[in-house]
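Two complexes come next, and they have one chain in common, subunit A, joined by subunit B in the first and subunit C in the second.
Now for the complex of A and B:
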């Protein structure tokens, strides 16, 4: 019988590059930027890393196939390096590989690194994915803003929310992320934006305007993990140690999109993964116990429904919580304290690890101007794909106990 | 990579499993499949049932009637080929038979589309005369 991942793996060090338009660097250099920070933080040499997982999503426009680019750029010691890809949840997938490797006892110190270089495409969204020959039957004419906008329509229909009420709450969500991102020196977008400006922005897919959509970025993030015992032997004091409390992944199986088991107003897999993650971490009252969280705010509506899918807001209650400032930097459970995908940025393969990076900094009191008071548990939510067909990765990290 | 900016609106790549679906569309018929084991209908085309993996599902003509399950109005085209269509409705249609499919709702004011609205199948002709199932108000 599995006992879960709780407290079996400690984060020894983390690093994150500056996100944004990194014309000065290629993907390899971006990996070196996050890796060297993580090595310094961990206090080890690169020869001590025994296995690595590389997350990169868009191999067509990025570093190409295989994990060789990471092995070569980081001059790893001929160790096993595995490349993983799971849509926009790729970063969490890389983290999961490294965490499981350590938890299994197969190696002592493992690396997860994610990278993506997207601004060279010259396009504000994601380039098209090679999807095979069948999807034209059932998702013709799909656009990413379009499918998430359909969630907004279904949400308004389910809870009888007037369009203007939802639009205003979505604007508050984006304004909050801009306010937070302005305080993050590594963030892609560092400009505060008012709700009036957000609501007046050009419409992309009703009711989502330009400021309801995150962009894409160049960037990299890295995590070095080990066991709590080895971390202690390497000089990490247990009071200054962050451990993984839960790490869950849930994938759609086709039921949401095809067979009417779903009303379109929430993300089914987030609910499944959250339930498993809370059980694994021993959390029974998430709204009281989670101190802060990073969600996959690819669109503002995704963030809104995720608050409910994570059982932090009641079903239909997220709009009130958002308008009450519950998720603001000075609220009860700050969300996207680093700016989120919306402002920190979204280099696909790095995003899941970037979320853990912020929770790690906050837990160790190293988040500078954004530092929250005494956080206990941080949660990350990484969504890949579409509302009806997706990959959801959730991690919960906290101080070692 | 292909450059979507210079391509016309896409037409599907047809394979052995999806051929009856696309052949039906060329005749002006919306085709769905039914599982031999459970009797349940499904979309999209497969050579086995997603319910019990029984082989050789039955092809049948759907009524072509359905309701809008959810929708949005797209103002920014995903590719340049869709620019002339903007603003257009991108909707999930729940067929009267049960399965859902993504579609556009054509031949109406985009702002008039609502969840629960009754729609019926129609066919959009693309390059080379190829017909794509779409929907319009019933």
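Now for the complex of A and C:
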């Protein structure tokens, strides 16, 4: 019987580049920006990193294949560096590689770094994905908003929610993230936006308008992890130590997309991963115990159903919680306190680690204007693929003691 | 007895208003306004002669066991492929057994009747099994030309056999004359056309009636006894000229369909024949004339079995399933006679893996998935391990065709971001009532009318065109039934 990952791995240091349309920088420079901050924060030299995991998703742009671009840009010491890719959950996948390596005892200090240079395409939105030989022969030309908008159609149908009621709640979700992002110097979009503006924005994929979609940005984020014992030997006081409480991944096996059961109004794998993560972290009442969370708000509707999938809102109850301000910065469980994908944009390889970065800052009381009062557990939720076949990564981090 | 054993037809749902098209071009050619009456059929962007042939064949074959089909002949001058057998792909889409002979007929407007004659000759020669004959045309014309108003897109299909014959074959007669009223050289996009007076005076007043008269004498039919005279006249009123010269009653002249469909090239005579069969009573004589560098004359007599044929859409059903289109630039865009902005997303153009396409041909062309031999779950795509989470049985599945399964829209969106020639791209999860689901393109939608729970019919359509490599990729899409009068 496995004992799980809880408290076996501590975060020694983290870094996050400024996210945005970084016309001035390529992926290499973005990685250096987040890595330098992480090294400084960890108080170690690059030669102390013994293994690294690079998360990058889009071969079509960005840095191509293999982990070499990270090893070379960061001038790592000929250590093992592994590139991982798992759709939009790639960042969490890189983090998981480094955390598992340390937990296994195979190395003392490991690096997870995620990066995506998206703004080398000439158009807005995510670049088209190469999906292999077969899918182009029968899949529709899926876009990210088009597939996540499917959830909205099913949600409205299941809970008999009128379109305007849903649109209004989705606008509140985006407005809340914009309000939070305005306070974050590293966010891409730093302007508060009203619900009226959001609801009047051009249609992208029915019923999602422009402001229901997250931004598209360049960015990088990095985490250096080790064991709590080594962290202590390197001078980190246990009171000032953030450890990993849970780290779970759940992938679809085809049932949502191929078997007539799932109704399309939620993300099945989020529910599976959340259940496992809560068990791993020893959390039994998430709505009372989780202090804050960063979810994969690629689209406002994704955030809405994720609140239910994480058992924070009841099924069909997320709209009420949203309208009540339950997830606002001054609410019971602030969501997207850093501005989320909505304001950071979604440089795919980086996003999962960027979410952990905010939880880490908050837990250490270093979140400045956004600082929440005495958070205990922070949860991150990273979702890749399509509602009907996807990869979900969930991490829970918290103070060591 | 040898003859036609069933028939079907297909006319695309969209009908271009001739007035709209004429008005758009009247600045350059005010003469077009004289033809600004009625409408012509207009293929959706994802339809071509091949997809229309499949639809007509499905209409013909509805409810029939197709195991007995021994041959498939496909007549058209607008086959999508010059060197990849179009008839073979039609057979795949219909999931016919691979043990059939198949041929394309082309090269002239009489390709449709030529295919029919070949099938009838095959039956006369005693070859086993029925022959499926399809004729379809997707006619493109130069922007601003009169042909844009005159041409139409349509398909018809028949099976030819020797039992349960609904129209007995009485005989045929053909002449081959290198009379060129129009032509389209290999590699050319559009027809080159001479004036109608030449066509009328030299062909339809001279050698066409002569060939019809010779044919009727040879077959042994008195002109006055014909109930349905089916002549696919390229322009209006030519049938009347021929009928008059041949002594055929004026009331026997079949509706040319030019006013509502336009002229569907080599598919037009077959289309008119399908319309005639839908109207005919038992014991009536039908004479069909296919024209194009000569002509084919075929004669049939309907039997009592015609009345026992199960109901089908036919030409009447197709014409009823209609959506007017007044947007002429959209017509041009769908016919690729203009090259509109596609956006940078429209540049994506993966190569077609011919090996993957071959391996999965029953899945891709025939919409054949699997049915688990243990739990019976129908699933798409087919897989080695059952998708039912409480089964996961491993082993070969029973092939299971979804093409005619009743399905409903489970989730959907209208996507303005992704590339499609007809934004917004509609797609969603389609769920089949007897099991199985997948995310499918939605076609033939009405903006604002798509909804969860809407019934759909699966249709074989163009999935994408690779202009760089000249490949057309086909797959099945969901066409909503509600809102189109097809409940």
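Definition applied: the second predicted complex is superposed on the first by the 397 of 401 C-alpha atoms of A that agree within 3 Å, B and C clash if a C-alpha of one lies under 4 Å from a C-alpha of the other, contacts with A are read in each partner's own complex, and residues count from 1 in each chain.
Keep in mind that, in the parts below, contacts are C-beta pairs under 8 Å (C-beta built on N, C-alpha and C of every residue); 3 or more make two chains touch, one makes a residue touch a chain.
Just so you know, these numbers come straight off a predicted model, no measurement behind them.
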Quick check on the superposition: with subunit A as the shared anchor, is it clash or fit for subunit B versus subunit C? clash
Should A:204 be classified as contacting the first partner (subunit B), the second (subunit C), both, or neither? both
Touch test for A:258: subunit B only (first), subunit C only (second), both, or neither? both
In the superposed arrangement, does A:122 touch subunit B (first), subunit C (second), both or neither? second
In the overlaid three-chain picture, which partner chain does A:157 touch, first (subunit B) or second (subunit C), both, or neither? both
Who does A:143 touch here: subunit B (first), subunit C (second), both, or neither? both
Shared contact residues on subunit A, subunit B side and subunit C side combined as an intersection? 128, 133-134, 136-143, 145-147, 149-154, 157, 202-206, 208, 254, 257-260, 264, 388
Enumerate the contact residues on subunit C facing subunit A in the complex. 343-345, 348, 350, 352-353, 356-357, 360, 363-364, 377, 379-381, 383, 387-389, 410-420, 424-425, 427-429, 431-432, 435-441, 452-453, 463-464, 473, 475-476
Report the residues of subunit B in contact with subunit A in the complex, numbered from low to high. 1, 4, 10, 12-15, 17-18, 21, 40, 42-45, 50, 69-78, 82, 87-88, 90-92, 94, 98-104, 115-116, 132
How about subunit A: which of its residues touch subunit B in the complex? 60-61, 127-128, 133-147, 149-154, 157, 202-206, 208, 254, 257-260, 264, 388
Subunit C contact footprint on subunit A (complex, rising order): 121-123, 125, 128, 130, 133-134, 136-143, 145-147, 149-154, 156-157, 202-206, 208, 253-255, 257-261, 263-264, 386-388
